[in-house]
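In what follows, chain A forms one complex with chain B and a second complex with chain C.
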Partner chain A sequence: MAATGKKVMVTVRKAPHGSIYVQESIEVMFIFATYDMELSVVFLDDGVLALHPGQDTKGLGIKGFMASLGALVDWEVTKVYVDRQSLKDRNISEDAIITIGRDEETDAPIRPRVLDSAEIAAMMAAQHSIVSF
Partner chain B sequence: MKLSVLVLEGPYNHEASDSAYNFIQAALAKGHTIRGIFFYDDGVYNATRLMDPPQDDRHISKRWSELGATGIDMIVCVAAAKRRGITNEVLVPNIRISGLGQLASLIDEADRLVTFGD
Partner chain C sequence: MLHTVNKSPFQNSSLENCLRVAQPGDVILLLEDGVYAASAGTAKSSLIEQAVKRHTVYAIDADLKARGLANLVKEVRVASYGDFVDLVEQHPVHAWL
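Moving on to the complex of A and B:
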(Lines of atoms letter the chains of each structure in order from A and count residues from 1; the text may use other names and numbers.)
(Lines give C-alpha, C1' and ligand atoms only; values in the text may rest on other atoms or scores of the structure.)
Protein backbone atom coordinates (compact mmCIF):
# COMPACT_ATOMS: atom_id res chain seq x y z
CA MET A 1 0.00 0.00 0.00
CA ALA A 2 1.01 3.61 -0.44
CA ALA A 3 2.85 4.24 2.76
CA THR A 4 5.98 6.15 1.96
CA GLY A 5 4.61 9.66 2.23
CA LYS A 6 5.36 10.63 -1.35
CA LYS A 7 4.38 14.04 -2.67
CA VAL A 8 1.43 13.65 -5.01
CA MET A 9 -0.43 16.50 -6.71
CA VAL A 10 -3.89 16.38 -8.26
CA THR A 11 -4.46 19.08 -10.87
CA VAL A 12 -7.98 20.16 -11.88
CA ARG A 13 -7.86 21.82 -15.29
CA LYS A 14 -11.30 21.19 -16.78
CA ALA A 15 -14.48 23.22 -16.50
CA PRO A 16 -17.08 21.70 -14.19
CA HIS A 17 -20.16 19.93 -15.59
CA GLY A 18 -19.03 19.68 -19.24
CA SER A 19 -17.27 16.43 -18.49
CA ILE A 20 -16.83 14.09 -15.55
CA TYR A 21 -13.23 15.18 -14.98
CA VAL A 22 -13.78 17.49 -12.00
CA GLN A 23 -16.08 15.06 -10.22
CA GLU A 24 -13.67 12.16 -10.74
CA SER A 25 -10.73 14.27 -9.58
CA ILE A 26 -12.59 14.83 -6.29
CA GLU A 27 -13.12 11.07 -5.91
CA VAL A 28 -9.37 10.66 -6.31
CA MET A 29 -8.66 13.39 -3.73
CA PHE A 30 -10.87 11.69 -1.13
CA ILE A 31 -9.35 8.25 -1.70
CA PHE A 32 -5.79 9.60 -1.74
CA ALA A 33 -6.51 11.51 1.49
CA THR A 34 -6.86 8.15 3.24
CA TYR A 35 -3.37 7.12 2.15
CA ASP A 36 -0.12 8.16 3.70
CA MET A 37 0.99 10.58 1.03
CA GLU A 38 1.64 14.30 0.95
CA LEU A 39 -1.33 15.34 -1.16
CA SER A 40 -1.77 18.73 -2.77
CA VAL A 41 -4.50 19.93 -5.12
CA VAL A 42 -4.23 22.71 -7.68
CA PHE A 43 -7.08 24.32 -9.61
CA LEU A 44 -5.90 25.96 -12.80
CA ASP A 45 -7.03 26.81 -16.34
CA ASP A 46 -10.81 26.21 -16.67
CA GLY A 47 -10.60 24.15 -13.47
CA VAL A 48 -10.85 27.39 -11.45
CA LEU A 49 -14.49 27.66 -12.58
CA ALA A 50 -15.22 24.76 -10.21
CA LEU A 51 -14.49 27.19 -7.34
CA HIS A 52 -17.17 29.65 -8.42
CA PRO A 53 -19.82 29.82 -5.67
CA GLY A 54 -23.52 29.16 -6.03
CA GLN A 55 -23.39 26.33 -8.55
CA ASP A 56 -26.51 24.20 -8.70
CA THR A 57 -26.65 21.07 -10.87
CA LYS A 58 -30.33 20.29 -10.31
CA GLY A 59 -31.22 21.49 -13.78
CA LEU A 60 -28.58 19.21 -15.26
CA GLY A 61 -29.92 16.20 -13.40
CA ILE A 62 -26.46 15.30 -12.12
CA LYS A 63 -25.21 14.78 -8.60
CA GLY A 64 -22.97 17.82 -8.35
CA PHE A 65 -19.92 18.20 -6.18
CA MET A 66 -20.09 21.57 -4.45
CA ALA A 67 -20.74 19.94 -1.06
CA SER A 68 -17.66 17.75 -1.53
CA LEU A 69 -15.44 20.69 -2.45
CA GLY A 70 -16.82 22.62 0.51
CA ALA A 71 -15.66 19.87 2.86
CA LEU A 72 -12.16 19.15 1.56
CA VAL A 73 -10.55 20.34 4.80
CA ASP A 74 -12.76 17.96 6.83
CA TRP A 75 -11.28 15.15 4.72
CA GLU A 76 -7.81 16.39 5.55
CA VAL A 77 -7.23 17.68 2.04
CA THR A 78 -5.75 20.95 3.24
CA LYS A 79 -3.09 21.82 0.66
CA VAL A 80 -5.46 23.29 -1.90
CA TYR A 81 -4.25 25.96 -4.30
CA VAL A 82 -5.57 27.99 -7.19
CA ASP A 83 -3.72 29.72 -9.99
CA ARG A 84 -3.97 33.52 -9.80
CA GLN A 85 -3.69 34.10 -13.55
CA SER A 86 -6.38 31.51 -14.35
CA LEU A 87 -8.78 33.36 -12.00
CA LYS A 88 -7.85 36.69 -13.53
CA ASP A 89 -8.29 35.43 -17.09
CA ARG A 90 -11.84 34.38 -16.22
CA ASN A 91 -12.66 37.56 -14.29
CA ILE A 92 -13.13 35.71 -11.01
CA SER A 93 -12.18 37.74 -7.96
CA GLU A 94 -9.71 36.07 -5.60
CA ASP A 95 -11.99 36.57 -2.61
CA ALA A 96 -15.08 35.34 -4.47
CA ILE A 97 -14.17 31.67 -4.53
CA ILE A 98 -15.80 28.96 -2.43
CA THR A 99 -14.62 27.92 0.99
CA ILE A 100 -13.27 24.40 1.42
CA GLY A 101 -13.89 24.20 5.15
CA ARG A 102 -13.54 26.10 8.40
CA ASP A 103 -10.66 26.51 10.80
CA GLU A 104 -11.20 24.13 13.73
CA GLU A 105 -10.27 26.72 16.35
CA THR A 106 -11.34 30.06 14.98
CA ASP A 107 -14.18 28.84 12.70
CA ALA A 108 -12.75 31.18 10.06
CA PRO A 109 -13.55 30.13 6.50
CA ILE A 110 -10.71 28.44 4.61
CA ARG A 111 -10.35 29.10 0.91
CA PRO A 112 -7.94 27.61 -1.61
CA ARG A 113 -4.68 29.56 -1.45
CA VAL A 114 -4.08 31.76 -4.49
CA LEU A 115 -0.61 31.28 -5.97
CA ASP A 116 1.32 32.68 -8.89
CA SER A 117 2.11 30.35 -11.77
CA ALA A 118 5.80 30.35 -10.87
CA GLU A 119 5.02 29.13 -7.35
CA ILE A 120 2.81 26.38 -8.75
CA ALA A 121 5.52 25.41 -11.24
CA ALA A 122 8.03 25.13 -8.40
CA MET A 123 5.60 22.94 -6.45
CA MET A 124 5.06 20.76 -9.51
CA ALA A 125 8.78 20.28 -9.92
CA ALA A 126 8.97 18.96 -6.36
CA GLN A 127 6.28 16.28 -6.79
CA HIS A 128 6.79 12.56 -7.02
CA SER A 129 3.72 12.25 -9.23
CA ILE A 130 1.08 14.56 -10.69
CA VAL A 131 -2.36 13.16 -11.43
CA SER A 132 -3.75 15.47 -14.06
CA PHE A 133 -7.49 15.90 -14.62
CA MET B 1 12.75 3.89 -14.54
CA LYS B 2 9.57 2.41 -13.08
CA LEU B 3 6.48 3.97 -14.66
CA SER B 4 2.76 3.75 -14.01
CA VAL B 5 0.16 4.90 -16.52
CA LEU B 6 -3.33 6.38 -16.02
CA VAL B 7 -5.75 6.21 -18.98
CA LEU B 8 -8.82 8.49 -18.75
CA GLU B 9 -10.37 8.20 -22.21
CA GLY B 10 -12.13 5.45 -24.09
CA PRO B 11 -10.80 3.77 -27.24
CA TYR B 12 -11.27 4.94 -30.87
CA ASN B 13 -12.93 8.29 -30.09
CA HIS B 14 -9.85 9.78 -28.47
CA GLU B 15 -6.19 9.38 -29.25
CA ALA B 16 -5.32 9.18 -25.54
CA SER B 17 -5.71 5.41 -25.40
CA ASP B 18 -3.51 4.86 -28.49
CA SER B 19 -0.97 7.37 -27.20
CA ALA B 20 -0.82 5.53 -23.87
CA TYR B 21 -0.26 2.21 -25.65
CA ASN B 22 2.41 3.65 -27.95
CA PHE B 23 4.12 5.39 -25.03
CA ILE B 24 4.24 2.12 -23.09
CA GLN B 25 5.69 0.23 -26.08
CA ALA B 26 8.35 2.89 -26.51
CA ALA B 27 9.15 2.92 -22.79
CA LEU B 28 9.49 -0.87 -22.71
CA ALA B 29 11.71 -0.78 -25.79
CA LYS B 30 13.95 1.70 -23.97
CA GLY B 31 14.25 -0.72 -21.05
CA HIS B 32 11.90 1.01 -18.61
CA THR B 33 9.55 -0.97 -16.37
CA ILE B 34 5.79 -0.47 -16.45
CA ARG B 35 4.60 -1.00 -12.89
CA GLY B 36 0.94 -0.90 -13.86
CA ILE B 37 -1.82 0.66 -15.93
CA PHE B 38 -4.98 2.13 -14.36
CA PHE B 39 -8.11 2.74 -16.45
CA TYR B 40 -10.45 5.43 -15.07
CA ASP B 41 -13.45 7.40 -16.39
CA ASP B 42 -14.28 6.34 -19.97
CA GLY B 43 -10.87 4.66 -19.97
CA VAL B 44 -12.62 1.58 -18.58
CA TYR B 45 -14.05 0.94 -22.08
CA ASN B 46 -10.55 -0.02 -23.18
CA ALA B 47 -10.99 -3.33 -21.38
CA THR B 48 -14.22 -4.72 -22.85
CA ARG B 49 -14.18 -7.95 -24.81
CA LEU B 50 -17.40 -6.85 -26.54
CA MET B 51 -15.53 -4.56 -28.93
CA ASP B 52 -15.30 -5.96 -32.44
CA PRO B 53 -13.50 -3.55 -34.74
CA PRO B 54 -13.16 -4.13 -38.52
CA GLN B 55 -10.30 -6.48 -39.39
CA ASP B 56 -8.19 -3.76 -40.95
CA ASP B 57 -8.29 -1.69 -37.75
CA ARG B 58 -6.36 -2.14 -34.52
CA HIS B 59 -8.08 -4.20 -31.82
CA ILE B 60 -7.53 -2.04 -28.78
CA SER B 61 -8.79 -4.29 -25.96
CA LYS B 62 -6.95 -7.30 -27.44
CA ARG B 63 -3.81 -5.20 -27.57
CA TRP B 64 -4.16 -4.26 -23.88
CA SER B 65 -4.90 -7.88 -22.98
CA GLU B 66 -1.71 -9.02 -24.72
CA LEU B 67 0.22 -6.40 -22.77
CA GLY B 68 -1.35 -7.73 -19.57
CA ALA B 69 -0.24 -11.23 -20.52
CA THR B 70 3.37 -10.05 -20.25
CA GLY B 71 2.81 -9.56 -16.53
CA ILE B 72 2.00 -5.86 -16.37
CA ASP B 73 -0.68 -5.16 -13.76
CA MET B 74 -3.76 -3.78 -15.57
CA ILE B 75 -6.54 -2.37 -13.40
CA VAL B 76 -10.00 -1.01 -14.22
CA CYS B 77 -11.58 1.31 -11.63
CA VAL B 78 -14.58 -0.43 -10.08
CA ALA B 79 -16.74 2.69 -9.63
CA ALA B 80 -16.13 3.97 -13.17
CA ALA B 81 -16.70 0.44 -14.53
CA LYS B 82 -19.98 -0.06 -12.67
CA ARG B 83 -21.35 3.18 -14.06
CA ARG B 84 -20.60 2.00 -17.58
CA GLY B 85 -21.62 -1.64 -17.38
CA ILE B 86 -18.08 -2.96 -17.45
CA THR B 87 -18.13 -6.10 -15.30
CA ASN B 88 -15.81 -9.09 -14.88
CA GLU B 89 -17.96 -10.95 -17.44
CA VAL B 90 -17.08 -8.52 -20.24
CA LEU B 91 -13.41 -7.91 -19.40
CA VAL B 92 -10.69 -9.19 -21.70
CA PRO B 93 -8.24 -11.57 -19.98
CA ASN B 94 -5.30 -10.19 -17.97
CA ILE B 95 -7.14 -7.07 -16.78
CA ARG B 96 -8.75 -6.88 -13.35
CA ILE B 97 -11.29 -4.64 -11.61
CA SER B 98 -10.26 -2.89 -8.40
CA GLY B 99 -10.52 0.38 -6.49
CA LEU B 100 -8.87 3.78 -6.67
CA GLY B 101 -6.59 2.74 -3.83
CA GLN B 102 -4.75 0.66 -6.44
CA LEU B 103 -3.97 3.90 -8.28
CA ALA B 104 -2.40 5.22 -5.08
CA SER B 105 -0.31 2.04 -4.88
CA LEU B 106 0.75 2.28 -8.53
CA ILE B 107 1.87 5.86 -7.90
CA ASP B 108 3.73 4.81 -4.77
CA GLU B 109 5.53 1.95 -6.46
CA ALA B 110 6.59 3.83 -9.59
CA ASP B 111 9.08 6.62 -10.14
CA ARG B 112 6.60 8.52 -12.31
CA LEU B 113 2.90 8.46 -13.18
CA VAL B 114 2.01 9.42 -16.75
CA THR B 115 -1.61 10.44 -17.42
CA PHE B 116 -3.31 10.16 -20.81
CA GLY B 117 -6.60 12.06 -21.06
CA ASP B 118 -8.45 14.81 -22.84
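Moving on to the complex of A and C:
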Protein backbone atom coordinates (compact mmCIF):
# COMPACT_ATOMS: atom_id res chain seq x y z
CA MET A 1 0.00 0.00 0.00
CA ALA A 2 0.94 3.63 -0.31
CA ALA A 3 3.10 5.34 2.23
CA THR A 4 0.93 6.32 5.18
CA GLY A 5 0.22 9.75 6.52
CA LYS A 6 1.13 11.62 3.32
CA LYS A 7 -0.78 14.81 2.72
CA VAL A 8 -2.21 14.83 -0.80
CA MET A 9 -4.39 17.53 -2.33
CA VAL A 10 -6.59 17.35 -5.43
CA THR A 11 -7.26 20.76 -7.00
CA VAL A 12 -10.14 21.24 -9.46
CA ARG A 13 -9.89 24.37 -11.63
CA LYS A 14 -11.86 23.43 -14.77
CA ALA A 15 -15.54 23.96 -15.54
CA PRO A 16 -17.72 20.84 -15.62
CA HIS A 17 -19.28 19.20 -18.72
CA GLY A 18 -17.20 21.04 -21.36
CA SER A 19 -14.25 18.69 -20.80
CA ILE A 20 -13.52 15.45 -18.97
CA TYR A 21 -11.30 17.02 -16.25
CA VAL A 22 -13.83 17.29 -13.42
CA GLN A 23 -15.13 13.77 -14.07
CA GLU A 24 -11.55 12.45 -13.95
CA SER A 25 -10.79 14.38 -10.76
CA ILE A 26 -13.70 12.65 -9.01
CA GLU A 27 -12.41 9.23 -10.10
CA VAL A 28 -9.04 10.11 -8.61
CA MET A 29 -10.61 11.35 -5.36
CA PHE A 30 -12.40 8.01 -4.94
CA ILE A 31 -9.19 6.07 -5.66
CA PHE A 32 -7.10 8.16 -3.26
CA ALA A 33 -9.78 7.75 -0.60
CA THR A 34 -9.13 3.99 -0.51
CA TYR A 35 -5.50 4.57 0.54
CA ASP A 36 -4.28 5.55 3.97
CA MET A 37 -3.35 9.13 3.27
CA GLU A 38 -4.58 12.53 4.30
CA LEU A 39 -6.63 13.65 1.29
CA SER A 40 -7.99 17.15 0.76
CA VAL A 41 -9.91 18.51 -2.23
CA VAL A 42 -10.06 22.15 -3.30
CA PHE A 43 -12.41 23.66 -5.88
CA LEU A 44 -11.20 26.98 -7.21
CA ASP A 45 -11.36 29.18 -10.32
CA ASP A 46 -13.76 27.58 -12.85
CA GLY A 47 -13.71 24.40 -10.74
CA VAL A 48 -16.28 26.00 -8.40
CA LEU A 49 -18.78 25.81 -11.28
CA ALA A 50 -18.93 22.05 -10.64
CA LEU A 51 -20.67 22.97 -7.36
CA HIS A 52 -23.33 25.16 -9.05
CA PRO A 53 -26.83 24.22 -7.88
CA GLY A 54 -29.46 22.91 -10.28
CA GLN A 55 -27.29 21.18 -12.89
CA ASP A 56 -29.34 18.95 -15.21
CA THR A 57 -27.38 17.26 -18.01
CA LYS A 58 -30.32 15.36 -19.57
CA GLY A 59 -30.37 17.70 -22.57
CA LEU A 60 -26.74 16.88 -23.30
CA GLY A 61 -27.46 13.15 -23.24
CA ILE A 62 -24.88 12.53 -20.51
CA LYS A 63 -25.30 11.26 -16.98
CA GLY A 64 -23.24 13.97 -15.31
CA PHE A 65 -21.44 13.46 -12.02
CA MET A 66 -23.50 15.50 -9.57
CA ALA A 67 -24.51 12.26 -7.81
CA SER A 68 -20.84 11.30 -7.36
CA LEU A 69 -20.06 14.67 -5.77
CA GLY A 70 -23.07 14.16 -3.51
CA ALA A 71 -21.51 10.91 -2.24
CA LEU A 72 -18.00 12.23 -1.45
CA VAL A 73 -18.55 12.03 2.31
CA ASP A 74 -19.78 8.42 2.00
CA TRP A 75 -16.43 7.63 0.35
CA GLU A 76 -14.65 9.33 3.25
CA VAL A 77 -13.62 12.30 1.16
CA THR A 78 -14.48 14.77 3.89
CA LYS A 79 -11.88 17.55 3.61
CA VAL A 80 -13.50 19.39 0.73
CA TYR A 81 -12.93 23.12 0.33
CA VAL A 82 -14.00 25.87 -2.06
CA ASP A 83 -12.47 29.26 -2.77
CA ARG A 84 -14.67 32.17 -1.64
CA GLN A 85 -13.45 34.64 -4.30
CA SER A 86 -14.05 32.16 -7.16
CA LEU A 87 -17.67 31.72 -6.00
CA LYS A 88 -18.15 35.47 -5.71
CA ASP A 89 -16.73 36.15 -9.20
CA ARG A 90 -19.25 33.68 -10.64
CA ASN A 91 -22.23 34.93 -8.58
CA ILE A 92 -22.72 31.59 -6.81
CA SER A 93 -24.14 31.85 -3.28
CA GLU A 94 -22.05 30.09 -0.62
CA ASP A 95 -25.24 28.64 0.90
CA ALA A 96 -26.45 27.25 -2.42
CA ILE A 97 -23.48 25.11 -3.49
CA ILE A 98 -24.26 21.42 -3.87
CA THR A 99 -24.02 19.07 -0.91
CA ILE A 100 -21.36 16.36 -0.71
CA GLY A 101 -23.20 14.18 1.81
CA ARG A 102 -25.25 14.14 4.99
CA ASP A 103 -24.27 14.08 8.64
CA GLU A 104 -24.61 10.53 10.00
CA GLU A 105 -26.14 11.70 13.29
CA THR A 106 -28.29 14.64 12.36
CA ASP A 107 -28.87 14.00 8.61
CA ALA A 108 -27.93 17.65 8.06
CA PRO A 109 -26.57 18.39 4.59
CA ILE A 110 -22.78 18.77 4.37
CA ARG A 111 -21.36 21.30 1.91
CA PRO A 112 -17.76 21.99 0.92
CA ARG A 113 -16.20 24.44 3.38
CA VAL A 114 -15.70 27.94 1.98
CA LEU A 115 -12.20 29.34 2.57
CA ASP A 116 -10.31 32.51 1.73
CA SER A 117 -7.41 32.34 -0.72
CA ALA A 118 -4.85 32.80 2.05
CA GLU A 119 -6.19 29.77 3.95
CA ILE A 120 -6.06 27.67 0.78
CA ALA A 121 -2.52 28.86 0.04
CA ALA A 122 -1.40 27.81 3.53
CA MET A 123 -2.97 24.37 3.05
CA MET A 124 -1.26 23.99 -0.33
CA ALA A 125 2.09 24.82 1.22
CA ALA A 126 1.65 21.98 3.74
CA GLN A 127 1.10 19.18 1.15
CA HIS A 128 3.49 16.44 0.11
CA SER A 129 1.82 16.31 -3.32
CA ILE A 130 -0.78 18.32 -5.24
CA VAL A 131 -2.63 16.68 -8.14
CA SER A 132 -4.30 19.28 -10.36
CA PHE A 133 -7.23 19.09 -12.75
CA MET B 1 -21.81 36.55 -39.57
CA LEU B 2 -22.54 34.10 -36.74
CA HIS B 3 -19.84 33.92 -34.07
CA THR B 4 -19.86 30.87 -31.80
CA VAL B 5 -17.98 30.89 -28.47
CA ASN B 6 -17.57 27.65 -26.49
CA LYS B 7 -15.05 28.60 -23.78
CA SER B 8 -15.67 29.99 -20.30
CA PRO B 9 -14.94 33.74 -20.15
CA PHE B 10 -13.08 33.10 -16.89
CA GLN B 11 -10.76 30.55 -18.51
CA ASN B 12 -9.51 32.36 -21.60
CA SER B 13 -10.14 35.44 -23.71
CA SER B 14 -12.04 33.87 -26.66
CA LEU B 15 -15.19 35.88 -25.97
CA GLU B 16 -13.32 39.15 -25.52
CA ASN B 17 -11.36 38.54 -28.73
CA CYS B 18 -14.57 37.70 -30.57
CA LEU B 19 -16.38 40.82 -29.36
CA ARG B 20 -13.44 43.02 -30.36
CA VAL B 21 -13.80 42.15 -34.06
CA ALA B 22 -17.50 41.28 -34.36
CA GLN B 23 -19.35 43.84 -36.48
CA PRO B 24 -22.56 45.53 -35.32
CA GLY B 25 -25.46 43.28 -36.29
CA ASP B 26 -23.41 40.09 -36.18
CA VAL B 27 -24.96 37.30 -34.13
CA ILE B 28 -23.18 35.80 -31.10
CA LEU B 29 -24.02 32.24 -30.04
CA LEU B 30 -22.76 30.93 -26.68
CA LEU B 31 -22.51 27.15 -26.30
CA GLU B 32 -20.82 24.55 -24.08
CA ASP B 33 -18.69 26.36 -21.44
CA GLY B 34 -19.31 29.59 -23.40
CA VAL B 35 -22.76 29.88 -21.77
CA TYR B 36 -21.17 30.91 -18.45
CA ALA B 37 -20.74 34.36 -20.05
CA ALA B 38 -24.54 34.73 -20.14
CA SER B 39 -24.85 34.36 -16.36
CA ALA B 40 -25.94 37.59 -14.61
CA GLY B 41 -24.09 39.26 -11.74
CA THR B 42 -20.67 37.71 -12.35
CA ALA B 43 -17.25 39.34 -12.72
CA LYS B 44 -17.60 38.80 -16.50
CA SER B 45 -21.26 39.74 -17.02
CA SER B 46 -20.36 43.19 -18.37
CA LEU B 47 -18.97 41.59 -21.56
CA ILE B 48 -22.40 40.33 -22.60
CA GLU B 49 -24.22 43.34 -21.09
CA GLN B 50 -22.23 45.45 -23.57
CA ALA B 51 -22.48 42.92 -26.42
CA VAL B 52 -26.29 42.85 -26.45
CA LYS B 53 -26.27 46.55 -27.43
CA ARG B 54 -24.61 45.68 -30.77
CA HIS B 55 -25.50 42.04 -31.32
CA THR B 56 -28.24 39.48 -30.93
CA VAL B 57 -26.84 37.06 -28.34
CA TYR B 58 -28.06 33.48 -28.00
CA ALA B 59 -27.17 30.76 -25.46
CA ILE B 60 -27.93 27.06 -26.00
CA ASP B 61 -30.70 25.81 -23.71
CA ALA B 62 -29.24 22.33 -23.01
CA ASP B 63 -25.86 23.83 -22.06
CA LEU B 64 -27.51 26.34 -19.69
CA LYS B 65 -29.54 23.61 -17.98
CA ALA B 66 -26.55 21.26 -17.67
CA ARG B 67 -24.70 24.01 -15.81
CA GLY B 68 -27.63 25.09 -13.66
CA LEU B 69 -27.74 28.60 -15.14
CA ALA B 70 -31.14 30.30 -14.96
CA ASN B 71 -30.31 33.86 -13.91
CA LEU B 72 -29.14 35.33 -17.24
CA VAL B 73 -28.22 38.76 -18.56
CA LYS B 74 -31.65 40.07 -19.59
CA GLU B 75 -31.39 40.44 -23.34
CA VAL B 76 -29.79 37.02 -23.93
CA ARG B 77 -32.07 34.73 -25.96
CA VAL B 78 -32.25 31.05 -25.19
CA ALA B 79 -31.79 28.85 -28.27
CA SER B 80 -32.60 25.18 -28.93
CA TYR B 81 -30.40 22.95 -31.08
CA GLY B 82 -33.02 23.51 -33.80
CA ASP B 83 -32.52 27.28 -33.54
CA PHE B 84 -28.76 26.67 -33.79
CA VAL B 85 -29.28 24.83 -37.08
CA ASP B 86 -31.42 27.69 -38.41
CA LEU B 87 -28.75 30.27 -37.47
CA VAL B 88 -26.01 28.24 -39.17
CA GLU B 89 -28.20 28.06 -42.27
CA GLN B 90 -28.72 31.82 -42.29
CA HIS B 91 -25.15 33.02 -41.62
CA PRO B 92 -21.53 32.24 -42.40
CA VAL B 93 -20.01 30.87 -39.17
CA HIS B 94 -16.89 31.91 -37.31
CA ALA B 95 -16.11 29.50 -34.44
CA TRP B 96 -13.98 31.03 -31.65
CA LEU B 97 -12.53 27.84 -30.18
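Here, the second predicted complex is superposed on the first by the 132 of 133 C-alpha atoms of A that agree within 3 Å, B and C clash if a C-alpha of one lies under 4 Å from a C-alpha of the other, contacts with A are read in each partner's own complex, and residues count from 1 in each chain.
Keep this in mind: a contact is a pair of C-beta atoms (placed from the backbone, for glycine too) under 8 Å apart; a residue touches a chain by one contact, two chains touch by 3 or more.
Given the structure is predicted, the values throughout are model-derived calculations rather than measurements.
**Q** Quick check on the superposition: with chain A as the shared anchor, is it clash or fit for chain B versus chain C?
**A** With chain A as the common anchor, chain B and chain C both fit in the superposed model.
**Q** Considering only touches as defined above, state whether A:E27 meets chain B (first), chain C (second), both or neither.
**A** first
**Q** Given the superposition on chain A, what is the angle at the CA centre of chain A with arms to the CA centres of chain B and chain C, as a multiple of 10 degrees?
**A** 90
**Q** Can A:M37 be said to touch chain B (first), chain C (second), both, or neither?
**A** In the superposition, A:M37 contacts chain B only.
**Q** In the overlay, answer first, second, both or neither for which of chain B and chain C A:K6 touches.
**A** It touches chain B, and chain C stays clear.
**Q** When the two structures are overlaid on chain A, which partner does A:D89 contact: first (chain B), second (chain C), both, or neither?
**A** Second partner only.
**Q** For A:A67 in the superposed arrangement: first (chain B), second (chain C), both or neither?
**A** Neither partner.
**Q** Is A:A125 touching anything from chain B or chain C once the two structures are fitted on A? First, second, both or neither.
**A** neither
**Q** Pick one for A:P16: touches chain B only (first), chain C only (second), both, or neither.
**A** Touch partner of A:P16: chain C, not chain B.
**Q** Based on the superposed arrangement, let me know which partner A:D56 touches: chain B (first), chain C (second), both, or neither?
**A** second
**Q** Minimum C-alpha distance between chain B and chain C after superposition, to be given in whole Å.
**A** After superposing on chain A, chain B and chain C come no closer than 11 Å at C-alpha.
**Q** Where on chain A do the contacts with chain B and the contacts with chain C coincide?
**A** 14, 19
**Q** Name, in rising order, each residue of chain A that touches chain B in their complex.
**A** Result: residues 1-4, 6, 8, 14, 19-21, 24, 27-28, 31-32, 34-35, 37, 128-133 of chain A touch chain B.
**Q** For chain C, which residues are in contact with chain A within the complex?
**A** Checking each residue of chain C against chain A gives 6-8, 10-11, 32-33, 36, 39-45, 61-63, 65-71.
**Q** Using the touch rule from the top, collect the residues of chain A that touch chain C in their complex.
**A** Contacts found on chain A: 14-19, 45-46, 49, 52-60, 62, 64, 88-91.
**Q** Where on chain B is chain A touching in the complex?
**A** 4, 6, 8, 40-41, 79-80, 99-101, 103-105, 107-108, 110, 112-113, 115, 117-118
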